[in-house]
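As written, the chain order gives the labels A, B, C and D, with residue 1 at the start of each chain.
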Amino acid sequence: MAGSSFGNIFQITTWGESHGAALGVVVDGCPAGLSLSADDIQPYLNRRKPGQTKIATPRKEADEVEILSGLFEGKTTGTPISMLVRNTSQHSADYSEIASYYRPGHADYTFDAKFGFRDYRGGGRSSGRETIGRVAAGAIASKLLSEFGISLTAYTKSIGPISIDMAHFDKSAITETPTCMPDREASAHAERYLADCMKEYDSVGGVIECVIDGVFAGLGDPVFEKLDANLAKAIMSIGAVKAVEIGDGIDVAKHRGSKNNDPFRMENGQVTKSTNHAGGILGGISDGSQIVLRAYIKPTPSIFSPQQTVNKSGEDIEISIKGRHDPIIVPRAVVVVESMAALTLLDALLANAGAKLENLKKIYGV
Amino acid sequence: MAGSSFGNIFQITTWGESHGAALGVVVDGCPAGLSLSADDIQPYLNRRKPGQTKIATPRKEADEVEILSGLFEGKTTGTPISMLVRNTSQHSADYSEIASYYRPGHADYTFDAKFGFRDYRGGGRSSGRETIGRVAAGAIASKLLSEFGISLTAYTKSIGPISIDMAHFDKSAITETPTCMPDREASAHAERYLADCMKEYDSVGGVIECVIDGVFAGLGDPVFEKLDANLAKAIMSIGAVKAVEIGDGIDVAKHRGSKNNDPFRMENGQVTKSTNHAGGILGGISDGSQIVLRAYIKPTPSIFSPQQTVNKSGEDIEISIKGRHDPIIVPRAVVVVESMAALTLLDALLANAGAKLENLKKIYGV
Amino acid sequence: MAGSSFGNIFQITTWGESHGAALGVVVDGCPAGLSLSADDIQPYLNRRKPGQTKIATPRKEADEVEILSGLFEGKTTGTPISMLVRNTSQHSADYSEIASYYRPGHADYTFDAKFGFRDYRGGGRSSGRETIGRVAAGAIASKLLSEFGISLTAYTKSIGPISIDMAHFDKSAITETPTCMPDREASAHAERYLADCMKEYDSVGGVIECVIDGVFAGLGDPVFEKLDANLAKAIMSIGAVKAVEIGDGIDVAKHRGSKNNDPFRMENGQVTKSTNHAGGILGGISDGSQIVLRAYIKPTPSIFSPQQTVNKSGEDIEISIKGRHDPIIVPRAVVVVESMAALTLLDALLANAGAKLENLKKIYGV
Amino acid sequence: MAGSSFGNIFQITTWGESHGAALGVVVDGCPAGLSLSADDIQPYLNRRKPGQTKIATPRKEADEVEILSGLFEGKTTGTPISMLVRNTSQHSADYSEIASYYRPGHADYTFDAKFGFRDYRGGGRSSGRETIGRVAAGAIASKLLSEFGISLTAYTKSIGPISIDMAHFDKSAITETPTCMPDREASAHAERYLADCMKEYDSVGGVIECVIDGVFAGLGDPVFEKLDANLAKAIMSIGAVKAVEIGDGIDVAKHRGSKNNDPFRMENGQVTKSTNHAGGILGGISDGSQIVLRAYIKPTPSIFSPQQTVNKSGEDIEISIKGRHDPIIVPRAVVVVESMAALTLLDALLANAGAKLENLKKIYGV
């Protein structure tokens, strides 16, 4: 079912496995006339690269992007943009043992159930490396959105029991701390917590928050293509995400209507809301307030302590996973969440062009 | 963008507004040969009808389904099944006042921003009545899934501060209590709580849980069409849902990997998991365990206490909403959640037919 | 595979069978703000109604359209427009015999092969009545296109051996002759030819031409969504069409490049072409010239002379089809061709909104 | 609108320009378990390579395919297969002049109209090299179809005025003659004709026919996803195709029903047809006979004789195109037609899996 494509108008198709020759993405439906080069993409890819901090796997990957099509004289042409990253640091030999059993918390068993067999090297298609294509495409989406004054900021909100304090919010810390927390104190705390995790051969989960500023009211759709519905799919399609919230999220279930409704107010001649429990979306359509969403991410399933599982011969066994694995998925997934949100919002912005006859008349000058 | 269609293979297209002539759905891609009649659909629609209990609006709607196509001699023919429900109880006059301002928590403002104007009668397309089409289609999906031994059960898990006790789980209570709680004691408690809410001219939110039994391993997809991603979209596309969880959901963010991983074990010659933190999905593909999801639903935005808002002339005003409105959305949304989950799972089951060459050879006998 | 939907942005979903309760269409993705009523639709449906002339079946059908959703105060709201036509003149008893065998030239055998059984009453879903939904939707597409100065004209070009003479072109004759020929002399000739056909218990094929005026350059797409590719699909999806041509069509195969290339010339400060062998499309994109396409339509397969076929028991038999059948499909298909062309072109116009950044900036005023 | 993707279940996305770094395709939705290597793909690409005969441009291209993903241990894994061909023989300098004007018969003008500018080097995305991705994907589709006993054969039917004689049909000649004609005598004749064309600085069109054997009855769909409708789109989406026929094609317009209907007959216990005017498709669904289609292809628009056109400054000018261009498009398009037909048929075969409940029960063993 074309399960590797995302988006209706700005449509991306990702491909590639952890230990194949390369990974990449084809971006179709990008409007012509956007200035673009690899320099716009690489910084986003660098944000998800391994081997950069103590809390991430020391496995080094260059992850250098090559743009193969869709640009001419420094601008997008309106035709597909194909981008590719070569795999350089793969050691398939490491994975021979994994071939014979099903790692708990991984997709080994479900891939076999679906496809009859699997590329067991590094998780194959279910590896975190699959997100390279999403991030490269997300970089383009973010650049396009910035042409309309829209910007996205994702960051780590919590790691295990340690949460950021919004009063300490420091945007620069997102890219400067190994945790991607916008609170240097909380980040230092979380780093110590993760060091303990690693000593205990264990891993931990966390929360990523993404806010979107500058969105004008009217993007999204009333029924199945609701902006929040598509954001939920986008975020939940990232491996390891187990819950998605918009605005006040799960808390609304305990709210009274009198508290949860955001009053509209005029401000500088514009309709605004004096609170934002809704997280910027009403009835599936952006309301002009900041869009706020959160992704809840499970702990890295590859842990070094012994685990019970079964092998392909149908026997109960105990295993100990080897290799180098991050004790937490969250920091490297921050840019993935941001990318998926950007792709979703851009697609809604493009789809909105045909929402009313008046829009089309502006384009065609009638 | 065909925003009123859902599903890739089993595709539904809903239409209709609260106060239009009728609402309905076209179900395309339903396999031929399923026994079907209105008697399979009506019980699902009855579960979402208003006017049945003290905690729901006394507005009466017959909501009788008429099947207009796609059946022959009591069986589906493989061609589109068109179903229609006439609106009978609409009083458009009630809504004249609403036309001039934006109700907090509703889609009034965002519709105007997107489309330039709106059908303000009863919320138009953003009314809860829009779900009639989803439920009628969900009834067919549920019947098809039952042919494969798959069953869905959705129920109210909590209303405001009151949660069910799983130790008291009583399935029959789901359809017999006005709250749709499978725990009669909690339901009685919640009814009293809601009566207080109404006295205070207020409303409250709650949580719906849906479990799916009998799912075989291997349904879903590894990347964007992950089963959980599509479930997240399906559920978040229901008006008023602000968060979606799979399995342990938001709790995984605080879990250690050693706790969160579900060990595989052999049981009666079958691969099983001894716990189910994953909620039945690993790597976007069903793992053969029970699928568990939860929807967090905001309070009814239509409350009778005075609220601040703006009118279409751009003035700050205070309003008091009149009419008859449920103090809670949850009970009537239970069957909607179940329907959307059924549609999503069925679509994954159908898509899976082409996952491996072996499947196709079974069909074509080569 | 949602086989009853057509279009990407302006997406229609048709439903209904010849002898079911009703037939209809849901139009999703129609921009908000278009003035619309049943009076815009009915004239198109009247053009395909049976029982109006000697050369069409005397079976009478009211074919009155009811619009059930998507309009408010006389304008489209941007939400789905559901339209329905009740079947009133069906006599299922007529078809009992057909149930047992496969009519040559019909879809009886292929439906059974695909679905395992079929609704044999009047062809079921493969009946010409299926086009009611296309025409109702096409009427809306045509009205939208007219807002941009684009108009479509389809007519019968030939019936069997009798072709129109373009020197006699008389647009009013299209709707005033029973043949839909824009040449009253040829039409009279063709009527006599068809009378002979009927006397011989036979039927005949013909050609429909459709021209589109006022199309601006730039609509379409360079690869799979070429405007001509989508027109070809649109037209070939009409039952009985066996060939589609754009511009000079099959003749180009014998052309020299020096003849076939259309020279560009400046005219009134505009790029034009001094000839139009291309039929208004170059590289899949409209070039600003008139778009020209032709559909080649087979003879009515229901003929009264004896035919050889097989029955469901696998025996060779001879049959004589009874009932009332048109000796030619062409005249009633003219408005269907026009409708499918309108739907295709409108979809391209809508898709084009996002082709370049400049278009989007016009809409969003940045 | 994702204009570079084709197919619903077996979905391909092509990318790349004539003079970019590379061209390629991502194949998504390929069933797992098919043995596959570059050796299955390269022979198809070789069939469309330039520089091989006197009647094709001497420009040499290696066109070596690299498979970057989707295979493991020699088998498809069910995840996307990414294939890439590097461009090696491009001389962009040749194209500086073309940048300033619009070549007749090319997409230069329409690209500018749509996108605001264009990659003018070698036609950019509208180059014939765009078909590399289609052919690479078509090779996989053909291999999959062969697992079900289905085979495709495309060949040149005519070049200008010279047609093959079916009585001389010699399949081996398709790949051994420079014309791809399955009739060595006609081919020799056509070669002489083409030599004359070249001397006259001219080009010519021709016809490609494709037959599909071994198709079982029941593939396709009754309405918009008719097998013939999708074939028409597939074939018309190939640059330079101006007409598509199924079976008797345009001739049916002059047929009587008594001639055009194919009688069904029992043969060896199977339903067959004693003639095949329908070309193997009835009501949009395969009928078990040979599928027959034809593509009518215009002459190469790049001719060396002087032509009138306009430049980007809006002036009428006369140009003489330089460089190396084939005097005919047909022979190199034969494998493209075959590929597009294979992709379309395979997609129908996969979609058919869910056509009836019985099929699904076979897969899931219930």
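Everything that follows uses one rule, which is that a residue touches a chain if its C-beta (ideal position, glycine included) is under 8 Å from a C-beta of that chain, and two chains touch if they have at least 3 such contacts.
Note that the structure is predicted; figures quoted are calculated from it, not measured.
Colleague: Hey, what chains does chain B share as contacts with chain C?
Modeller: A, D
Colleague: Count the C-beta pairs in contact for C-D and for B-D, then report the pair with the higher count.
Modeller: C-D
Colleague: Give, as an integer number of Å, the spacing between the C-alpha centres of chain D and chain B.
Modeller: Between these chains, centre-to-centre, one finds 45 Å.
Colleague: Please compute the C-alpha centroid of chain C, do the same for chain D, then give the distance between them in whole Å.
Modeller: About 26 Å separates the centre of chain C from that of chain D.
Colleague: Can you list the residues of chain C that touch 2 or more other chains?
Modeller: 1-5, 8-9, 14, 29, 32-33, 78-79, 114-116, 125, 216, 222-223, 351, 355-356, 358
Colleague: Enumerate the contact residues on chain C facing chain D in the complex.
Modeller: Chain C reaches chain D through residues 1-6, 8-9, 14, 102, 104-107, 109-111, 113-116, 125-126, 130, 158, 160-161, 197, 201-207, 216-226, 228-237, 239, 242-250, 252-258, 260-266, 269, 271, 274, 278-279, 281-288, 296-303, 305, 307-310, 314-316, 351-352, 355-356, 358.
Colleague: Could you please specify the touching residues of chain C with respect to chain A in the complex?
Modeller: Per the stated touch rule, the residues are 9-10, 29, 31-34, 78-79, 144, 147-149, 216, 222-223, 349-351, 353-364, 366.
Colleague: For chain B, which residues are in contact with chain C within the complex?
Modeller: My answer: residues 1-5, 7-9, 11, 13-17, 20-24, 26, 28-29, 32-33, 66-70, 72, 75, 77-82, 84, 114-119, 121, 124-125.
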